[in-house]
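Shown next, in structure tokens, is the structure this report addresses.
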Amino acid sequence: MIIVMNGKTDDADVEKVIHKLYEMGHKVHISRGERRIILGVIGDVENLASVPFYAFNGVEEIIRIVKPYKLASREFKDFDTIIKVKDVIIGGKEVIVMAGPCVIENEKQIFETARYVKASGAKILRGGAFKPRTSPYSFQGLGEEGLKLLAQAGEETGLAVVTEVMSVNQIELVGKYTDIFQVGARNMQNFVLLKELGKTKKPILLKRGLSATIEELLLSAEYILSQGNYEVILCERGIRTFENYTRNTLDLSAVPVLKRLSHLPIIVDPSHATGRWRLVSPMAKAAIAVGADGLLIEVHPDPRSSLSDGAQTLRLDTFTQLMKELSPIAQAVGRELGTSAENDLERMKN
Amino acid sequence: MIIVMNGKTDDADVEKVIHKLYEMGHKVHISRGERRIILGVIGDVENLASVPFYAFNGVEEIIRIVKPYKLASREFKDFDTIIKVKDVIIGGKEVIVMAGPCVIENEKQIFETARYVKASGAKILRGGAFKPRTSPYSFQGLGEEGLKLLAQAGEETGLAVVTEVMSVNQIELVGKYTDIFQVGARNMQNFVLLKELGKTKKPILLKRGLSATIEELLLSAEYILSQGNYEVILCERGIRTFENYTRNTLDLSAVPVLKRLSHLPIIVDPSHATGRWRLVSPMAKAAIAVGADGLLIEVHPDPRSSLSDGAQTLRLDTFTQLMKELSPIAQAVGRELGTSAENDLERMKN
Amino acid sequence: MIIVMNGKTDDADVEKVIHKLYEMGHKVHISRGERRIILGVIGDVENLASVPFYAFNGVEEIIRIVKPYKLASREFKDFDTIIKVKDVIIGGKEVIVMAGPCVIENEKQIFETARYVKASGAKILRGGAFKPRTSPYSFQGLGEEGLKLLAQAGEETGLAVVTEVMSVNQIELVGKYTDIFQVGARNMQNFVLLKELGKTKKPILLKRGLSATIEELLLSAEYILSQGNYEVILCERGIRTFENYTRNTLDLSAVPVLKRLSHLPIIVDPSHATGRWRLVSPMAKAAIAVGADGLLIEVHPDPRSSLSDGAQTLRLDTFTQLMKELSPIAQAVGRELGTSAENDLERMKN
Amino acid sequence: MIIVMNGKTDDADVEKVIHKLYEMGHKVHISRGERRIILGVIGDVENLASVPFYAFNGVEEIIRIVKPYKLASREFKDFDTIIKVKDVIIGGKEVIVMAGPCVIENEKQIFETARYVKASGAKILRGGAFKPRTSPYSFQGLGEEGLKLLAQAGEETGLAVVTEVMSVNQIELVGKYTDIFQVGARNMQNFVLLKELGKTKKPILLKRGLSATIEELLLSAEYILSQGNYEVILCERGIRTFENYTRNTLDLSAVPVLKRLSHLPIIVDPSHATGRWRLVSPMAKAAIAVGADGLLIEVHPDPRSSLSDGAQTLRLDTFTQLMKELSPIAQAVGRELGTSAENDLERMKN
């Protein structure tokens, strides 16, 4: 940690800061310049995190040098985390596609989608039963009925399933049906929820908040890891900027940055990021090219009748087409995608 | 609602959209231009909210004209909502100051602060017992012990109290001690929490999320109102922008905008918005001048030893000085602030 | 300057960085921690500004501690800069209001506005002759004809005038008519223009760019100051954020921040910031309360017929009303505003 | 254009707006709802652009439906614009890479870079002679001396060249040496410069401003096109957001959006967008995958000694490696990249 003080600060005031540092058990390096006095503290400064140095006279800036997260950092663990869900490997050579409707509507919809995305090469089925909707008047999901349908569709097709949990009081119920818990962007800093999920034994798909920095995403992952659950999948899904042609701005540079800072797998959600189905395919391709470990894509048999987010949802045939186009890009960056599935799709047609 | 379609769209495709609108019970006005075809639907279009028109061929833009919130809107109720907590009136002529430490640390700290801010003219005591901290390694609050101290300090001084509730499973406990529930910025879209708070009988102080639009803030208020609790106090506390000299960018224009769109009272938190105590006083003055109904200010007997947010916390004497400076500004805009308190402060000194 | 290197960096790589620093004439303080190695350079590090330390192995972060601007900083000059234009003092005790139409349309419009704003207490007349318009199809201003009208209106009323210069090839022409050169937000980093204006002898009103940080604004001021022109008036006029109810988000905290970092006067433009005339009055009040040295306000005899920005323009009577309301706020913060003008306005009515 | 008025507006006030529309030559469709009155104007509403409808009583919102740019729109021209510079085709099947140093430093540097990037498959040489630097104390470029070196290096290698022009008074000089004029992000709304460049006969590479929307970028292109120069190459180079790990946030979704809205070619600059050389390669790959027509990449024989932007600059060998990795991605999306160059590189090594 570096504490920058004004060069004209009284010696007594400088002394107060130094004294505080000694009191907290730290050795201080002092560099005096004409305009600035710099105090450097090396080593484990965790216990200084909540000392309000800005409240001391003369202090102009506090610079934290060691990252505030640990378990999520590549320094803590320098090989990639691999997460196994049923027989799917997330974070390995294969790029994993998770697909399905925004919200589970009925048996026909989720089963038809499940069979189709499975045949096209998706490995995980997504679908919402509890939906965080901006307006209280929008459809909020089928609740447990939806969870049951999702689990059944997963079982029939052999797909693992992922669905959102919005609150601590839903964890037990959702956990009965899902293979992976999803934490939505709006809940990325719902710290009570993160801590409780850290006590479960299932992987957590953690979406980046709309205005969360990369560091904050890793700190939220740290909340889960610190409770003993090491299986966190990070998800970039667009941040909020002034540009409003797209729903959000997909920050694809977050993928290589997170790969460098952390050992956790990172997937990309081009559907929520863009909010427009025409942009899903190009952004999905870019996500693979930039090094994502997986994709989360909204697919629906009939987006026009979808009860949520239809505008950004792919039709089944568009999804199949996309999967075909993604495969060579995955290969171009040394990965694999849905290859084993091609035969299935052929069989399904015959 | 206006649906804009490309001028070259096939008649059959235009017909599909019109058919959908009829099916949902709406009359459509059609205007055909060379480059655009415009379908206008007048009246209550609530049931169209989740129809994904973007998924229809030819649809280029959907424009919603009637605001998606109702109970929170000035159209629904054109006189200002007044909220009474103990003997404090929020949303009336008096500008209400809520002050206290970021986090409750011990008896001495909260009682000393309570007596002092009361004497300086504050009407409500704030203090955190459950703290949403970005890092899992930061101090997370005293929990129930803190709630008790807060309630006792409130009782002794006659101040009403406000404290944060972070999760549905804390509502009952926090409700035993607090007069006002605070929902933090990170929980502004924790819809499960909002709904449950809508079933309580206590006022809710709802902070704007870091990347929430004004419309989204009102939709979150609508979640609470729609459950029957009409006592919501909105709070502007800074949004996230590219500027990083300040912790956030305080969007003071939100105050007159919210006054125009809604009947709910609106207060401003200059402490979290700026993150620097030197900026708290000027921004507090600006907040009064722009028409805020109240302020939420962090005050601590010794910010240097504060366990949280010390950098943005005022000392007791700085707070008293600020209260004196705010009063003439309140008068300049036709309001009152802490006038009755001056005598108390004098008595306290003697 | 602080250079942070990874703790595992080879000694040889650390040595290369140190060598580079010695080569550039600097003494280095080295602190070795387990996870990080920190190199501190104290003193004048200007010659290091363009050394790409990130390109050296092991370098993780470069932290510049001394601000990159000098002449604009309060450290360089610790008393406030006062700018005198005709008999108007900018940066003194009086809050200076600059008012007038967005664009000069004809003689009647500019003379009527000039007389009226003068009578209401404004001290400087604004009006555009060359207009930077987002669309090439929008009205671009009257050019020299407009400049002449502006100068004549200024002369008749005794008001100083300010108008925008968009390009180096306009400086001479605009300089013949104006008392103050205005640099628009879109030209804040038109460095060629800034340098040439730095060679003139007239004050420069420099608007903050839509996505410019406070530091970048001061660096742009530095371009002007470094050429010998010390009379720069900074102007906060809103930054671009995700909120789109308002045209921009007025960052009022920039006022006290700039007051602390710089000695230059700072004014606020609530018209462009909000884009809505109803918000101009409350934000103007807030600007005075927060400590601005002046305001820049759009006023037009008939905003409905205005050729530019009519939506954010005040009518003459609304402007007069605002001036009356601003005066007590100025007094509440120890300033004065337009007091001498009240008599004029009375006379004008009789 | 749609004008939304409050449902409670007086008939006389509604009439005033309708009258204004008739006066301007437009037919109006009126839809009256309980809460809103909607006036629709179909057809060419260009002459309404500067009518300030917000200044009329009762007007709540103005919605422009037809895009404000024309010549740049795909509706105006529905086949892709192809730009030929020397023997390079921009906007065709081949993805064009433009590479070179941020700033031209000396003969050795620019010639060595030119030969190398040519051999690696780049088709255009970039290099700055006039540099827009945030600080007046940073190196500002060699001026004409730099232009000469650039032109010579281009001639020797057969590469076309591109360099920045910062001001109208530099157009003639820069035009003597360059094949393509570059307009930097900070000058995207320097409308005087855009208009003058629109009168030249050379292609313009127009960079998106740091806070410019996609629509504003197209309007700036429109400034050039409207003067008769139809050869504009759009360039996405990152926008400014709250995330500060990267210098800017590269908005790759702008590529497919621009492809849909406009016929102009679009390239991506991953160097300035990220500010970190390690991120250049992954983002370059993503740019190709998303459909960019070209890349603009900073390359330097020795980034550590670079006088500008060394942190984001690739070494020659890293660039060659990247070019090899890009080729299969280009193929995967049906494009070509630098294939003919491979032989050259082999020859160069021998």
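So that you can tell them apart, the chains are marked A, B, C and D in the order they are listed, and the count of residues begins at 1 in each.
Keep this in mind: a residue touches a chain if its C-beta (ideal position, glycine included) is under 8 Å from a C-beta of that chain, and two chains touch if they have at least 3 such contacts.
Because the structure is a prediction, the values reported are computed rather than measured.
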Number of hops, chain B to chain D, where each hop joins two touching chains: 1
Taking each chain's C-alpha mean as its centre, the one farthest from chain D: B
Whole-Å gap between the CA centroids of chain A and chain C: 40
Separation of chain A from chain B, taking each centre as the mean of its C-alpha atoms, in whole Å: 27
Inter-centroid spacing, chain C versus chain B (mean Cα positions, whole Å): 31
Multi-partner residues of chain D (at least 2 other chains): 211, 239-242, 244
Chain D partner contacts - residues on chain A that touch it in the complex: 211, 213-215, 239, 241-246, 249-257, 260, 273-274, 278-279, 282-283, 285-291, 325, 328-329, 331-333
Chain D partner contacts - residues on chain C that touch it in the complex: 20, 46, 49-56, 68-69, 132-139, 166-170, 186-187, 189-193, 195, 209-211, 216, 219, 222-223, 226, 239-240, 276-277, 303-304, 306-313
Chain B residues within the chain D interface of the complex: 2, 4, 29, 31-36, 38, 40, 42-43, 61, 63, 65-66, 75, 240-242, 244
